[in-house]
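Below are two complexes that have chain A in common, paired first with chain B and then with chain C.
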Partner chain A sequence: MTGTVEALINLMMADQVAIPLLDPILNILYGIPLLGHLLALILWKPLFAALICPGFATLGGLLMLLPWIERKLVARIQWRIGPHEILPQMGGVIQLLADSLRFLFQEVIVHRDAKQPYFLQFPVLSFIPALLPLLFIPAGTIIAIESPYGAQIVLAMVTLFPLFILGLGWASNSRFAYIGTVREAFVYFGYEIALIVSAFAMIVLYGTSDPLAISGMQQVPGIILNPVAALAFFIASAMATSRLPFEIPEADQELAGGPHVEYSGILFGLIYVISYEKVYILSGLMTLLFLGGGSGPEIRVLGDLSGLIWFILKTLLVMIALIALRAIYPRYRLDQALRIGWNPVFTLSTIAVGVSLMEVLLL
Partner chain B sequence: MNDEKNRNIDILRTGPFSWLKRWSARWSLWPCHFVTSCCGVELAHASGCGYDMERLGTLTMGISRQTNTIIVEGTITRKMARALRIVWEQMPDPKFVNVIGACGQRGGIFWNSYHITHPHTIVPVDFFVPGCPVTPEALIRGVRALQKKIEGEDRDTIRFKKANLQFKERKKNMPPTSPKLLAPTPLIRNDIPGGVGWEDGDELVEMVRSRLKGLTASITVTDERRITIRTREDEIKEIAKRLSEIGFDHVKSVNLVDVPHEKKLILEYVISGYSKSLMPILITLTADIRGKYDLPGLSDIWQSADYTERELQDLFGVRFEGNSWNEIFMLAPDTPQSPLRKSFRLEEEEYILKDGVPLTPHIDPPSDLNAPLPSGVLEEVEEMGEYLVLVGPHHTGSGHMRWIMRLDGDIITEIIPDPGYVHRSMEKIAESRLYIQNIPLFERLCIVDPVNMNLGYVRAIERALKVDVPERAAYIRTMMAELSRIGCFIYDAGIFSLFMGHSTGFMYLWAIREMLLETFLRITGSRCSPSFILPGGVRRDVGDDLLDLIGNLTTAILPRFKKFEDIFVRNPVLLARVKGVGVLSRDEAVRYGIVGPFLRASGVEYDIRKIEPYDAYDSLGWEMITADDGDSLVRFLVRLEEMRESLGIVSQCVDVLKGMRKGDVISEEILGDYQEGSRDIRGSLYRVYGNLVLPRGEWTVLTEAARGTLLFSIMSDGESNVPYRVRVITPSWMNLRGLIEAARGERMADFWAIYGSFGYFPPEADR
Partner chain C sequence: MRKVVAPDYTVFEHVKRHVEAVKTAIREAIIPESVTCSYPKERRKMPASFRGYLIFDPDRCISCFGCAFICPANAIRMKEAEDGRYYPTIDYGKCIFCHFCLDSCPEGALKPTKIHDVAYRDLDRMLTLTEEMIEPPEIIREDKRYVEYVIDGRDLHLRRVDGEDELLVDLPPPSKVERIASCIDPESCTGCRICEEVCEHGVIRSSVEEDGVRMVIDSERCTGCGLCVKECSMRVLRLVRR
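And then the complex of A and B:
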């Protein structure tokens, strides 16, 4: 019995997040019986990845921050201030906290015509495809589950996402939700192939789909090696995350929110947050494939955290780029978006595969 | 109602974490997108970039389920009451209601309307904000007050002290009372000869007479370019057919006048033609109807009469033969039957204080909160394998009305409009008020284009009184009207860009509109409801400092507008969305009775400012903008170019006014004994205008408002000092039919591209 615990602790200690800067403090803390074990558990790389970064804690923090960044950024572009009065000293940064608490304390209405069990389940269930991909995305060298097929698994999870949106739209049983759901399904067909093919182009280029290996291989970032794939991937991500100009399923002015039109209270809060989660995951994937993941000038004292910080910064950059689209573009019509997805973007992604093959063969 | 009212606060005050509940509710007051009346314009300004209500954490959200505040913007009509109640019931607890605008409290300017109701009888109200319309500052203060109420400070209203006003010379300071003079059995005529000195008139009358040979028709020239053809009810159809063959291709107005003491209804069709030779001429085709309510309808000859006939069916309880619509169109089901007949009397005004509080007019809350679908639609839709989508009135992209959309897949097969949600019954109210009191009333037709609405009504009075406007006043009026036109275009373009999902374009334009309204505020004292134009002139002179301000405004708008053009008009996504969408050919546009810039976008050269110039338009240099494509993009671009022309007109007016000697701004004939008011009417307004009586007859005037031809037709009996009947046909009302037809066969998402390009404004249409 003690042997197994010992073995487990040794296993954990062998794979700790190394932070040279904090080493003296950590060494003291390790010595304290229970706290030390707990700390060792949390700093165990797989668990650290799942719980802290890029997992739960970072996700939570970004979700609290991202809508605020969006509202502030869009407000700046639009000659406004945006959320402010709630905490004037810090530009209203806790605005989303108030919003989410308000959702939490508000009544959840399940209307008579809704298919009740599904109506309640789907917003919660849709967290599964939203959370699982995070286990396969490395922040620097920190990753929860190492797999040679990491990139494919993330893509598979991401493309699973619309099914849950379809589910909650269908369970709502309302005209606007219905139209929004159908539109979601159409747009899904529009971007899915381009997204996968452009990611496939990068996998061909790197010759591996192991996320750690991919980020290790990018001395020159992927966006320079294959800019065509990056462009196709970015446009497909904008479609996948329903950002303008492809905000077609939600289309506030046409469908008043589309699939989630009937949701209220905390259930709507969940859905509201999920769309940002998707932005986070796709931005993470884009960082991994095209921006070199956690690579960057290494800050030695931070050890493993150095890669993590670079990863977060790059992801944030991509997220902001996706968000800023809102302030620049009007909305395409459904058929136009489909045409764009099938024609230029799909062509781009196919060309990207060709570019990758050429580079692999010639270089 | 009280239980409902307290429930929301109780939820916040009780239970664990109540402080957290209160804190979060306070900083996250999301109003739902539910525009009920014209104060919605100022709500848009409050959330626009000038005032930015989002600072307080309020974010206007699409639908009631995800929000917790209703901001009731002004008038709640009996039809809208149902929507208000449903929205309130759909909203999750805890929820709050702010009512803004005077008409949400006691009825405001529409206090004796037959079609409004008090919002506090429909839903529990947390806070009232007065004003007509409220300013954005007041609105934001209302939100602040609501926040404080949630926090627990129960009342944050200003505590009014009872002031003890003592007038030393009481009689002199009180406005002279103008009791209404109502002739008991007035003589109502609409074919009184007049209009001497119209050269081409005789020729035209001869031509018409020869075409109508063999039919009963007495042809009278009532005024310059106004002809009345009186006929018998059974021959009106034949005459209409022959007139339509000459080239009279559209109906400008359909009117009914109830004359109970002669036991008749007067039916009027005001028709005109878009061919060059017929352009400014209006023919009033009229017949007396006695003892029956089945009238001959002409909508099969002129489709542009269709919706107006439907409206009159509601208002007079009549039935037009040949009109396909048999049901209620404008009014709520429980409105008094045929309210515009003279037998239905409105409450008379009484300024009685009871315990220091003015008596609230009595209004029954609606008993029937039903808004039925047209019968047979559901069955028909099912049979055809289509489906129905009901858009509005609570919808981000519906405006203040309901669109019953029949969809086949993504294609719109038909849209059935359901207007009347903002029908404030102005035509009936106008019959109960003095001529001068109606000026602010008719301004509320469309508070984004107030000066042109004002001008339309005032010009009808001037035409009746044959009063000329002093030159300086004419230039001021032109300048104000053009500023209003610019403001209206900017409003419509902002809403258009919002409909296209482009909130940045909306915000950029709202910044410009904010400057414009500030200018209005400085000139007239009001942002949206200036009431600046009076019969015979304007209220007061515009000084040189204000002229400088206006001059600067015209130069300041352009660079800012260029930013909007860069981000919105030249945006490839926008071009893809609107090009070739909702095309109306010239013939279709004429047939469906489109007016204004939207008609010009389809290739008809018709602008009242050119063909029947009024005020100073003929002495200024400007171009009429036309185009041929007739799609959404061109409709938008035509108005955009017109805005540039308007800016040119304004700066020309400023130059002329600066060079002109200061002088009278109100005509001497009107002022009579009170010549001291010639430069500033303040102090003698009521003495001059209180007892205005128009000569007997009907006076129809066309004005080019921002969205097209505005028709005001005043019928006076020559004895009363209130109008006998006022007929208003607003451009939005005429454009409704065209909008519906343009959307047929397009994709569902295109409806908003078409709606936005028409600048359709339901309060203007519903009147």
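And then the complex of A and C:
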């Protein structure tokens, strides 16, 4: 028994997140019996990736921050002020905390016609496609599960999202939700192939789909190697997040929220963050494929955290770019979005595969 | 009939337009040109001619009823004061802030202010009595600066200036034409003595002569309010230049 625990601790100690700056403190803390073990467990790289970054804690923090960044940035561009009244000294930064508190205490109304078990389950289950891809996205050298097919698995998980949104709309059993659901399915057909093909172009270029290997290979970031693929991937991910200018399924003006029109309380809160989760995951994937993941000038004292910081910074940049589209473009019609998805973006992604093949053959 | 069709742009023009849109967004994100005035904390600087809350100077009022006559919303009623004269009261529940009363006042007894944010507890209190109109209402000022809108070229800009904007307007008294009431056709006067009753200042006197009632206007004391002119049933009174 003791031998197993010893072996387990040795296994964890062998693969710790190295932070030279904090080493003296950590060494003292490791000496304390229970706390030391707990710390070793948390700093064990796979668990650190799943729980802290890029996993659960970072996702939670971003979900708290991202809607605020979005509202503030879009307000700036549109000559407004944005969230202000809650903590005005900080520019209303805890706005979403207040919102989520409100969602938490609001009554969850399950209407008579809803298919009750699914109506309650789907919002909670929709966290699965949000959390699982994060296990395969590396933040620098920190990754939860190393897999030679990491990029494909992330893409597969991302394409699971519409399934849950279809489920939401179906369980709501309301006509607005129904129309929104059908639109979601349509838009899904519009972007999915372009998204996968443009990611495929990068995998062809790198010759591997191991996320760690991909981020290690990019001395020159992928966006310079294949800008066509980057553009196609960016537009496809803007469509995938179903936010403006492709907010077709939700369409506040005519569908009053689409698939989640019947939801209230904390269930609505869970659905509200789905698109932000998507933004985070797709930005992470874009950072990995096109911006070199966690590569950047290394800060020696931070050790493994250096790559992590670069990864988060680049992801934030991509997320802000995705979010700012809201202020620039009006919403496209469904047929226009489908045309954009099938015509220019699909063409771009096909060209990108050609570009990748050319580069692989020539270089 | 002309059919409206979407403009047929080439790919190059499309790209150019997209780039323009993104450039504008980036410029505004870095240096936004906000035109929002955060009202209780800063006020917009209103021009002196702003049509706001009215204040009243009873010393200048000649009780001519001009404001009450002209009011299109019937918000102004003349009320008899203790000294026997009539002064205006304004019902702000009816007032449409056209400031016709102010324009019609020959003596400048009604004065404009830039106050536009007065709250009342109920409808009855919106009827502002003469005594309440003499002093401006009590205002809690939260503003530390005021905001001016400047049109520069074709764009509207906002300029913030520190300091409080003075809400009371100090207008010079109107350049008035001295006028007095006079009878243009004494032959037609029926001697009904309405003008004598209506005169607030006791300027018109009547005396019974052998050929009937004779009216006399004391032109020295006449204020030219014109009440007698309005009321004269035979239309023989006129306001003339002094």
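In this text, the second predicted complex is superposed on the first by the 363 of 363 C-alpha atoms of A that agree within 3 Å, B and C clash if a C-alpha of one lies under 4 Å from a C-alpha of the other, contacts with A are read in each partner's own complex, and residues count from 1 in each chain.
Assume contacts are C-beta pairs under 8 Å (C-beta built on N, C-alpha and C of every residue); 3 or more make two chains touch, one makes a residue touch a chain.
This one's a predicted model, so the numbers in the text were calculated from it and none came from an experiment.
Colleague: Clash or fit: how do chain B and chain C relate after the overlay on chain A?
Modeller: Aligned on chain A, chain B and chain C clash with each other.
Colleague: Should A:Ile109 be classified as contacting the first partner (chain B), the second (chain C), both, or neither?
Modeller: In the superposition, A:Ile109 touches chain B alone.
Colleague: By residue count, is chain A touched more by chain B or by chain C?
Modeller: B
Colleague: Please work out whether A:Ile328 is in contact with chain B alone, chain C alone, both, or neither, and reply first, second, both or neither.
Modeller: both
Colleague: Using the superposition on chain A described above, determine whether A:Pro297 touches chain B (first), chain C (second), both, or neither.
Modeller: Neither: A:Pro297 stays clear of chain B and chain C.
Colleague: When the two structures are overlaid on chain A, which partner does A:Arg76 contact: first (chain B), second (chain C), both, or neither?
Modeller: second
Colleague: A:Pro24 contacts which: chain B (first), chain C (second), both, neither?
Modeller: neither
Colleague: What stretch of chain B clashes with chain C when the complexes are fitted on chain A: 165-173, 183-191, 651-659 or 705-713?
Modeller: In the superposed model, chain B runs into chain C at 165-173.
Colleague: Report, in rising order, the residues of chain A that make contact with chain B in one complex and with chain C in the other.
Modeller: Common interface on chain A, chain B vs chain C: 77-81, 327-329.
Colleague: Which part of chain B faces chain A closely enough to touch in the complex?
Modeller: The contact residues of chain B facing chain A are 17, 20-21, 23-28, 30, 33, 49, 52, 54-57, 59, 62-63, 65-66, 68, 90, 92-94, 387-390, 395-397, 410, 497-505, 507-508, 511, 567-568, 571, 573-574, 576-577, 747-752.
Colleague: Chain C touches which residues of chain A in the complex?
Modeller: Residues 73, 76-81, 324, 327-329 of chain A touch chain C in their complex.
Colleague: Could you please specify the touching residues of chain C with respect to chain A in the complex?
Modeller: So the residues of chain C in touch with chain A come to 21-22, 24-25, 28-29, 32-36, 38.
Colleague: Considering only the defined contacts, which chain A positions touch chain B in the complex?
Modeller: Going through chain A, the ones touching chain B are 71, 74-75, 77-86, 92, 95, 97-99, 101-102, 104-109, 175-176, 179, 244-245, 247-248, 251-254, 256-257, 261-265, 268, 326-336.
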